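Right, one structure below, let's go through it.
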Amino acid sequence: MLAFESALARAQAEEGLIPEASAAAIVAACNSLVPDEAKLVAEGKRSATLAVPLVEMLRTEISKSSKDAARHAHFGATSQDVLDTAMALCLRTCLEEADRSLEGAVRGLAAKAREHAATPMMGRTLMQPALPITAGFKIARWALALAHDRERLADAQAAGLAVQLGGPVGTLDAMGAKAPAVRHRVAMRLALADTPAWHVHRNAWIDLLDRIGQVVATAGKIARDLSLLAQPEMGEMLEAPPRVGVGASSSMPHKRNPVGCAHALAAAIRMPGLLATVHAAAISENERALGGWQAELAVVPEIASQLGSCLDFLDGIASSLVVDAKRMKANIDALAPGAKPAAPHAADEILAALSPYL
Amino acid sequence: MLAFESALARAQAEEGLIPEASAAAIVAACNSLVPDEAKLVAEGKRSATLAVPLVEMLRTEISKSSKDAARHAHFGATSQDVLDTAMALCLRTCLEEADRSLEGAVRGLAAKAREHAATPMMGRTLMQPALPITAGFKIARWALALAHDRERLADAQAAGLAVQLGGPVGTLDAMGAKAPAVRHRVAMRLALADTPAWHVHRNAWIDLLDRIGQVVATAGKIARDLSLLAQPEMGEMLEAPPRVGVGASSSMPHKRNPVGCAHALAAAIRMPGLLATVHAAAISENERALGGWQAELAVVPEIASQLGSCLDFLDGIASSLVVDAKRMKANIDALAPGAKPAAPHAADEILAALSPYL
Amino acid sequence: MLAFESALARAQAEEGLIPEASAAAIVAACNSLVPDEAKLVAEGKRSATLAVPLVEMLRTEISKSSKDAARHAHFGATSQDVLDTAMALCLRTCLEEADRSLEGAVRGLAAKAREHAATPMMGRTLMQPALPITAGFKIARWALALAHDRERLADAQAAGLAVQLGGPVGTLDAMGAKAPAVRHRVAMRLALADTPAWHVHRNAWIDLLDRIGQVVATAGKIARDLSLLAQPEMGEMLEAPPRVGVGASSSMPHKRNPVGCAHALAAAIRMPGLLATVHAAAISENERALGGWQAELAVVPEIASQLGSCLDFLDGIASSLVVDAKRMKANIDALAPGAKPAAPHAADEILAALSPYL
Amino acid sequence: MLAFESALARAQAEEGLIPEASAAAIVAACNSLVPDEAKLVAEGKRSATLAVPLVEMLRTEISKSSKDAARHAHFGATSQDVLDTAMALCLRTCLEEADRSLEGAVRGLAAKAREHAATPMMGRTLMQPALPITAGFKIARWALALAHDRERLADAQAAGLAVQLGGPVGTLDAMGAKAPAVRHRVAMRLALADTPAWHVHRNAWIDLLDRIGQVVATAGKIARDLSLLAQPEMGEMLEAPPRVGVGASSSMPHKRNPVGCAHALAAAIRMPGLLATVHAAAISENERALGGWQAELAVVPEIASQLGSCLDFLDGIASSLVVDAKRMKANIDALAPGAKPAAPHAADEILAALSPYL
């Protein structure tokens, strides 16, 4: 939030809307201010927005050096400008990490897939054995799904991570003809896209959240597969070799629970409700929503958190996935003796699509 | 969680399953232990349950006084026993407060309804003026809806707030024939219902959460009505008289936003997604879920939090609701000149149903 | 819908609000009218309610015998009165069937549970083998969960299946002081509860839908368990003995898919979204919703349909569930050789609770 | 479904996998067969897929001319191949219509926006009057949001509308090395994208559904705005000039309800639950889901239907939206006498972005 106020002051000074000295004082205060969080929350509740008390605290901080500059802070902007921009900045950091993490996961799984391209395993449909596939085919498909999720997620960022600057009703009237230039400068400083205010037309942003949901769904699908294959009755894969203290039970010391799968599945079970909220919240009222936007604001960190859980899971399996080729073969022999092994071309096609990661 | 371990130890000592001295040491440790929360979270992640590190910390604490007692702690129980019981205890506190708060809200609104039983106002359907009602009729219906929500919520607590004690697979085998007696004693000590373990059959609990959702929906409905009536173009009701610093805007000092409505509507927009998650999470696997229960655990505090937002809103309007009878009359005259005012019997019927609160 | 109009006319004649002859003509027309469904849908779209064209068709039908009576039809009522009452009547039929079906399912499963009260099987938590339980314990818990769902569902009907009669704005003003008596008579004729109009305060009704959701969740949970246990690698239960043509695959003639589980799981996956919609739709505007109620109306038949799928599944397993005690024993021996079998008292407690069904 | 079987047969004949004569017989039968829908539904339930009885009916039809050809039908394919491809074909038709419809809506609204670029109206935030904007600014933003939704929807079709052809476990093993060529030919014939089988990795498809959800959300937002502005107390816009028989009430002949808004809002209220279901259903099991995919299959037509309702609404307002500039001015004068009108540049920026539609 302070990064936004700082960038706004600089941009407005550059466009001659506020004095250079005011901008300097505002920037300095943004750097020095350590907001009282408890106060922020308590007062934020009274105005239904954290931005109102934050701007007040900021103005008090600026006032210590300059009364004029204090009046120039937040000029022409509104609460939602601060919060939406701050939210985009926070999510960008998450998504940069997510991109690296997904790249690593795809590489790790693609390598594992190549290694097992010809390892026969039973294919299972409707939770019944069907016909043989190869372990590499299965793992390569997981990897390719994640690679596509990663691309879609990257694509959505271009429009989805945009500066929010519209002022009280979206028109930036207070900044006059300089408004577009100010917004452009703020966007450049914050390395966000420059688009008209999106406060009540949020689909570029929602598209980004939907695509986070797609990553979580893929992680959930992989976790579902793994948790089935890790049943000792199948014993074909493990999310990681057993380690002391991981997956422990408070009542059964011998047990090793698939905790990575538990985290990913819990995230995948939560995500549909979170996305439903985001879509429901989008039905806003006129120039600023009453309730919807506020609901979305509470939900976005939860969405980021589910993504984080899934990335941890994917990191884990990318490095530690255990494939038990012997058990796979034994299961085929037991369930479908004499079944013809799957031809390699299906795995090959997927591996070819994964070549940038191999 | 420590209350559970404490009650369990006492119950097991009373039934002769562990020595009295061990129980005393366990209870003492439960009282003295201040869990390291950061460690709890970090280690909880590795086992996908906070109960594993908590029990470990507790045993370390008990060991300071007695190695034997340490082994007797958590005897025969499992992680989910601890967490579900703890969750029920936490929610009970919320619900006690909710009950008082709802009673107050119904009383406040019922009184306001009686006061305005004959105040004509326009009834509006599909967001268009329809025929006159009275302000008292509308407010009485809000109050009655809340009164019924309160009753349903109270009814659901009898079965929904139950001790969870099933051990590793729900059978409490380690406690032998004493198991039901132990469970009964734990339930009595914690003032929870005594029922067979409900870890994978959670509908009595979910019923309670659904009914919290109903309170939130009613609050959201009232907030929707109020926010429409508080539009200055209607000006028929306000959630409260304008107060300095409440509902402030960061850009328009003259504005007074209906912040109570914003909080209630945000809660109402979030709740359907939260309930959807709870219902989705219920499709558990065999004797303990992988992912579903863990998702529910994260969502229950969010549900309680939405309830809290709504109770704050209801408290506020119960004491501060502003009814502008003059504006109501003027609107009828402008929109439907000569419309026959509503007869009082409709309001009377609802007020009669509210008599326990009047 | 015609049953409502018919009952309304009779009630109004009995209270002297319309002539006996009109009531007779209206009732006759309600019996003779065969609504043109295509026209109903097309015209219903223009008014956003099926009731408008239906009432028009009805009046045309009545006019054939009496112009006066035509004017007396639908007197004092509104579209939502017709539709909500009709919806309650339709759902009641479903719920009567559901109650019988659930009773049968509980009986069937309880009997199967008693039969296998001492059959050892592996208990599984977080999708890993844990400690032995008995097959009877597991099945008895399914049955008890359904028995409790059934009770909750029955309880919710008392208030949830109510006549809707409020007129244009909920006050029934057109019927004057006779309004409550008319509503009471309509309720009695239709065997619905008599309550004040609930058009915008729908929680008694929503409570009923939530509880349908609980039945579906239990069925989904049972299906999840069964589909895991029916994996040939476990082979401990089947939803039914293999039958020709059931569970067939279009590509693998040897396969027998657990189709009952597929239906129940599909229903369980759909239900959270349907309930989320119902709760979201409850945030209505003033005296009649714009959009919310209309969304709920479309969703209620879907909810009934998911219930139906689950009842079919439960009927099936109640009569045909296959328990393979030999395989259960073999799995325990393989996974946890020497594990102590579960004591019978856990199953006994649940069976005792099921005694009304045994 | 028959289009798929027909294209598959042709492709396989061209690749030499089945005789030309068989392909001809299959194609002929696909053209002549009129499936018995009641039988399809009844038998489809037994296998949990409509494809099983359809393929059987098709084989019976082919057998009339050739027993050999009957065996060659559906060669190497599986039920989900038929159904997913059929679903993609059906949705493509909807999306072609949607694209035309959205283009028209954007054009109509953009023209209306240009006409009212300088018409002052009150901007409203948190349901309170804030500062003036122009009617053109508001309408142009609606149009631009739809234009972006349209682009995103078009983008998602490239990958989202793909042939499904994977055979029993996704490997197309039965078709040997010819498999990719067959799949490519089927894709070309059906004008769908050619991608590896996506039966259990459905995010390209889900991305398309999410983006349909975005269109619905924008329509819902516009409907929310319009329904607020159409309140007679504001009277600033109407979805259309009043017409006899549209928006009629069964109890108040004078009323004109905003029925277009009702339809769009009902769709927008349903969509979050439908998308939640699609995302939840994506957590499939191994090589074919048990329950999840079946749930999605039931939900996709509902999603298309909500899109249809919204397109009807948008068509309507694009041609018939009523802007009451006089009322807008009067409201500004009453609510904020002397308020400076909004400068035109904000509207200009949005209109410039809409230039392809102007």
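Which chain is which? They are A, B, C and D, in the order written, and residues in each are numbered from 1.
FYI, a residue touches a chain if its C-beta (ideal position, glycine included) is under 8 Å from a C-beta of that chain, and two chains touch if they have at least 3 such contacts.
The structure presented is a predicted model; accordingly, all values stated were derived computationally and were not measured.
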Ordered by label, the neighbours common to chain A and chain B are C, D
Chain pair showing more contacts of the two, A-C and A-D: A-D
Find the geometric centre of each of chain A and chain D from their Cα atoms only, then give the gap between the two centres in Å, rounded to an integer. 26
Please report how many Å separate the Cα centroid of chain C from that of chain D, as a whole number. 29
Please compute the C-alpha centroid of chain A, do the same for chain C, then give the distance between them in whole Å. 38
Multi-partner residues of chain B (each touching 2 or more other chains): 48, 125-127, 130-131, 168, 220, 227-228, 249, 252, 257-258, 261-262, 265, 268-269, 272-273, 275-277, 280, 290
Touching chain A in the complex, chain B uses residues 43, 45-49, 51-52, 55, 74, 76-79, 82, 167-168, 220, 223, 227, 245-252, 257-259, 261-270, 272-277, 280-281, 290-292, 294-295, 298-299, 302
Chain D contact footprint on chain A (complex, rising order): 48, 123-127, 130-133, 137-138, 141-142, 144-145, 148-149, 152, 159, 168-173, 176-177, 179-180, 196, 200-201, 203-204, 206-207, 210-211, 213-214, 217-218, 220-221, 224-225, 228-229, 265, 268-269, 271-273, 275-277, 279-280, 282-290, 340, 342-343, 345-346, 349-350, 353
Using the touch definition up top, name the residues of chain C that touch chain A in the complex. 125-131, 227-228, 230-234, 249, 252, 255-258, 261-262, 272-273, 276, 280, 331, 335
